[in-house]
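Consider the two complexes below, in which chain A is the common component and chain B and chain C are the respective partners.
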Partner chain A sequence: MAVLERSYKRYAGALSPEWSRFLIIPRHAFRDVFRSKLFTGLYALSFMAPLVFAILIYLRHNTEALAIMKLSVVNVLPIDATFFLTFVEIQGWVGFFLALLVGPQQVARDLTNNGLPLYLCRPFSRSEYVVGKMSIVILLLSSITWVPGLILFGLQSYLEGWSWFSQNIPIASAIFLGSLVWILLLALLTQTISAWVKWRLAASAGLIGLFFIPSVFAAILNQMLATRWGNLLSLGSLIRSVWAGLFGTFVQQAGQVQRMRGGVIVETAMVEPPLWASWLILFLICALCLWLLSRKVKAYEVVK
Partner chain B sequence: MTLDAPATSSHLNDSPGVITLDNLSVTFGGRPILKSLNGDLRGRAIGLLGPNGAGKTTLIHTLLGFHQPSAGTARILGSDIRGEANQIKSLIGYMPERDSFISKMSCIHFVRFMAELSGLPPGAALERAHEALFFVGLGEARYRNVDTFSLGMKQLAKLAQAIVHGPRLIFLDEPTNGLDPPARSRMIKMIREIRDSGQANIVLSSHLLRDVEECCEEIVILKDGRLVVYCNLEEERKANKKFLMLETRGDLKSFVEGIGSLGCECAMTSDHRLKIILQDGTEIRDLYKLAAASQVQIRRLTYKRDSLEDIFLKAMENGSN
Partner chain C sequence: MSSTAETFQTDGSINAGSSLSLWLRQIGAIMRLDLKKNFFGKRSLLIYLLAAMPIGLLILVEIVNPLGRTSNQLFSIYSIFYNSMILRTVVFFGCAWIFMNLFRGEIVDRSLHYYFLSAVRREVLVAGKYLSGLLTSIVLFTTVTVVCMLLVFFSHYYAESSRLFLDGPGMNQLFWYVTITMLACVGYGAFFLVVGLFFRNPIIPALVLYGWEWINFLLPPLLKKISVIHYLNSLVPVPVSEGPFAVVAEPTPAWISIPGLLIVTALVLFLAGTRIRRMEVRYGSD
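And now, the complex of A and B:
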């Protein structure tokens, strides 16, 4: 090592490809993230559900095991779109808590310590910075959502045979797309809150509030107006509709309610908002997050 | 360098200057911060001076691509800041004025991370991070968390991250801020070492005239967003060596005649004091020989030169006029 040559010299060696530089951020961030025992424990626990689902798939195809456990095939969950939808929902919410632990500190820490000029004075753009920060959440959550989801799909296809695989390919794409939409939404929301709320605890609380407070409003609105359109305010309902749409289990008419109107009992059909409305709202939320991030992710703020 | 005429490419020499300002203006919220700056800066170390709020930091930030010029442009090492920002950023290093670091990282990790962001592969980045930290004198503290550093150590860590990728041009914004005298001396020494290595040009922004005088060859003085003085300190120093002030004893008549015969201009300011402008080829030793021949004692000989403080104060006066 040339540390004894204490003189300034230029670097003349090879450079890493420009397209890959955003990955430097998650690589270094993971060191810090996995230093937390709480996070590492939760991350390990997040593989419990995939394990349970894998066991269920295995049991479904193992008559000997079923005989030992004195179960018949009909008592085991059917392996269909609903099975994988349940998996995506469980892992999606586990991912939410992981994102809650990892996301809010990412941009906030750089803003608090004036770190952004150090990134942006290098051949590293603002968009690369945002993508780099988002990819911390994206890579972590991918490893517990669509990656094990597709492995489960592969396991089921292997055990069930080619015909099942060819008939259920849309499930695989729904696992991938549904998880990706959720992960992107979480990544954008966590980074945006992180950029605007520098205090980590407040940012985490803000993220929880963003998911649960509008859900309460949505429930009140639905109850008062006997409608389901209030669900458009709830991020949880939005993503559930999108997932159901992707897995082909979306039902727009969710039942009927009886209401008194002018002394007469009237039956009102409860109609879920159309799928396109859920997609549109999610798209608008993502666009708003990107706009808010672009306002905050700057080397220096100019006070006008 | 011209202050008045825009320094378009036709005005320039063939080789690109370190920084070429071409009618560069920056406006924030309708308020002009930098007003039509022109110039071609070529020194190994360029000092950027000016009172608070003159636009020094805004100029550096604009050159780094943090702010968009409202009019005009600038070129750094031949690349235009408007269209070739990424290329420029791969050639420069920047040491910000304020505390800037990535928290919860050891110093070596921080500097390595910065090197990787500059494009160095992980192995080379780690090696150069060690080198840079030893160079700035943080070799022993490199595994400590940056958050625990003192102000002086943080300044050194900032310098290390600015040079770790071996840039061709280094912007140092108030590098001696908050340093005690020994630390300041070490910082100045390092800046001079980098300058003298010939491997990188330096732009040093400071309000401390002594720092600039000790490190820089060229100075640019900004006032109210305008470039009011450009001065090549090296040439100024050389030129100033020709102006001598002599205090003498003895009969000056033959001595003054002798000085005239050497081709030098001479003026008596009092009975014993002379001001002399030396001609090319005339050495000070010739004056001593002449004085000995004329039986004149030279009691004191001083160079009359403008200090940087004089230049700065004049610029401030002229600027306000």
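And now, the complex of A and C:
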């Protein structure tokens, strides 16, 4: 058929339900992401820690295996809040590196190639676009953080019995909430940096800079001013406090230091910032990211 | 209507002496072009912010909590500050940004082919770009080093600090800190230049190097030597304690560490030169 004979016809196929349209973006993105061997390898490696933790849980309940390895139950790691907190911390940081590989290119690619109008000219809103892009990171990171975390919790509950499960329900909610907060933060940060920087390398560098440089800054500030309030500048410290709070292991007084002031030795108590301050800063960062995203994700841009 | 095209054959017999002077002129021209981008381009904003960070932090500390300290304490405080903030953070990330942008930036701007189409040997291009990055990083980071040291000492005890610098060990220590910063720019710069050439996503090797340099204190003595930070730490005038878990190793003497670092840098640049000869420009992926 000649091109001039073609005429406009309305799409007659089946429409996706409105609520699940945002999932079209991750479906296509995953196909693209898993084409990279490096990423696939890293993703597979990220299941190492859940495997090790599952073995540790299993070992604690298998007397035969303990006898073969000549170990007593006392010598095996206790399965408590700290055990699951360690798991969330490890998987959280593995998730950071996965997000670093996947996140920064998502919005940037559409913005640099003027691809955004192609999304938004369809029955697809700006918020669905943002949620769709964020869900790439959210789904990927969920599969390595709270999903295996809850499976481990289920395994421990199954082996230990109903009483352990009913006593430790808060641990399950801490695994879920703690992971979700971290994943949301990463998803928002990666998409915001990606939208504003528009260059994959710079966006990745920005994300690394945002995590590592303020941490060093905070550490030196803490050291020189003999305080712990500098931790509010470090994203790593903020999320650690939030996790510790959720798992019930947060200690506000971190110790004491002796300092010389005017020839007199002064003891200063090192007090961590309160938990609400960490939550507030994280909330403000997320709100700022959303505002920045809403400013950048538009169907067209007026260039002056 | 007809058109004619005339072609001219250039004289190919250029002697060795004149080709060297041509290369030097070309290196100079590339340097001038890149220096402008490095200092005044919009990407340089990040470097200025990074460089301003330790200075801002020190000013803040001096305003908020000016503590009474002896000169020995000040020397050790500056040594810790220099090691963790300036060397491992500002110089490392600054060099990563400056040197990776030398080629990756051109690829993103889709302008590398202009260099490749001009009558410049690719090795000359590498040399010109490396020297421009080196000059930028040295100017910025040695300034940070000097300003921070002066801020630590001169903000409160002017007379005592003047004595320390004019008659005491202050000037000698400042010289060594500046030398270490310059050597860090030389070493990290060459590494990041090669990473920018070899890898489409240079963030991963940069992160690996960052991790390797941070865990250096835990490594056995032999592995410590496969890092830049070990040679730089060997030159620090006031050694910093690396904590109870550190594996202690003998510092490498200056007469080995300085030429060693320079030789490794030359080898890495040679590698970059051979790599760029076979490089093809692909703008699609960035």
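Rule of thumb we're sticking to: the second predicted complex is superposed on the first by the 289 of 304 C-alpha atoms of A that agree within 3 Å, B and C clash if a C-alpha of one lies under 4 Å from a C-alpha of the other, contacts with A are read in each partner's own complex, and residues count from 1 in each chain.
As a convention for this text, a residue touches a chain if its C-beta (ideal position, glycine included) is under 8 Å from a C-beta of that chain, and two chains touch if they have at least 3 such contacts.
Everything quoted here is computed from the prediction, not taken from an experiment.
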Chain B versus chain C as contact partner of A:291, first or second or both or neither: neither
Chain A residues touched by each partner, larger count belonging to chain B or chain C: B
Which of chain B and chain C A:299 touches, first, second, both or neither: first
Which superposed partner A:110 touches (first chain B, second chain C, both, neither): first
Which superposed partner A:32 touches (first chain B, second chain C, both, neither): first
Chain B versus chain C as contact partner of A:121, first or second or both or neither: first
Touching partner for A:11 - first (chain B), second (chain C), both, neither: first
First, second, both or neither for A:200, with chain B first and chain C second: second
Residues of chain A that lie at the interface with chain B and also at the interface with chain C: none
List of chain B residues in touch with chain A within their complex: 28-29, 61, 64-67, 86-87, 89-90, 92-94, 96, 98-105, 109, 113-114, 116-121, 124, 127-128, 130-131, 134-135, 139, 161, 163, 165-168, 193-194, 197, 199-200
Residues of chain C touching chain A in the complex: 43, 46, 50, 53, 57, 60-61, 64-65, 67-69, 77, 80-81, 84-85, 88-89, 93, 96-97, 100, 104, 108, 201-204, 206-207, 210, 286
Residues of chain A that touch chain B when the two form their complex: 1-16, 18, 21, 24, 28, 31-32, 109-110, 112-115, 117-125, 298-300, 302, 304
In the complex, chain A residues that touch chain C: 38, 97, 100-101, 199-202, 204-205, 208-209, 212-213, 216-217, 219-221, 223-226, 259-263
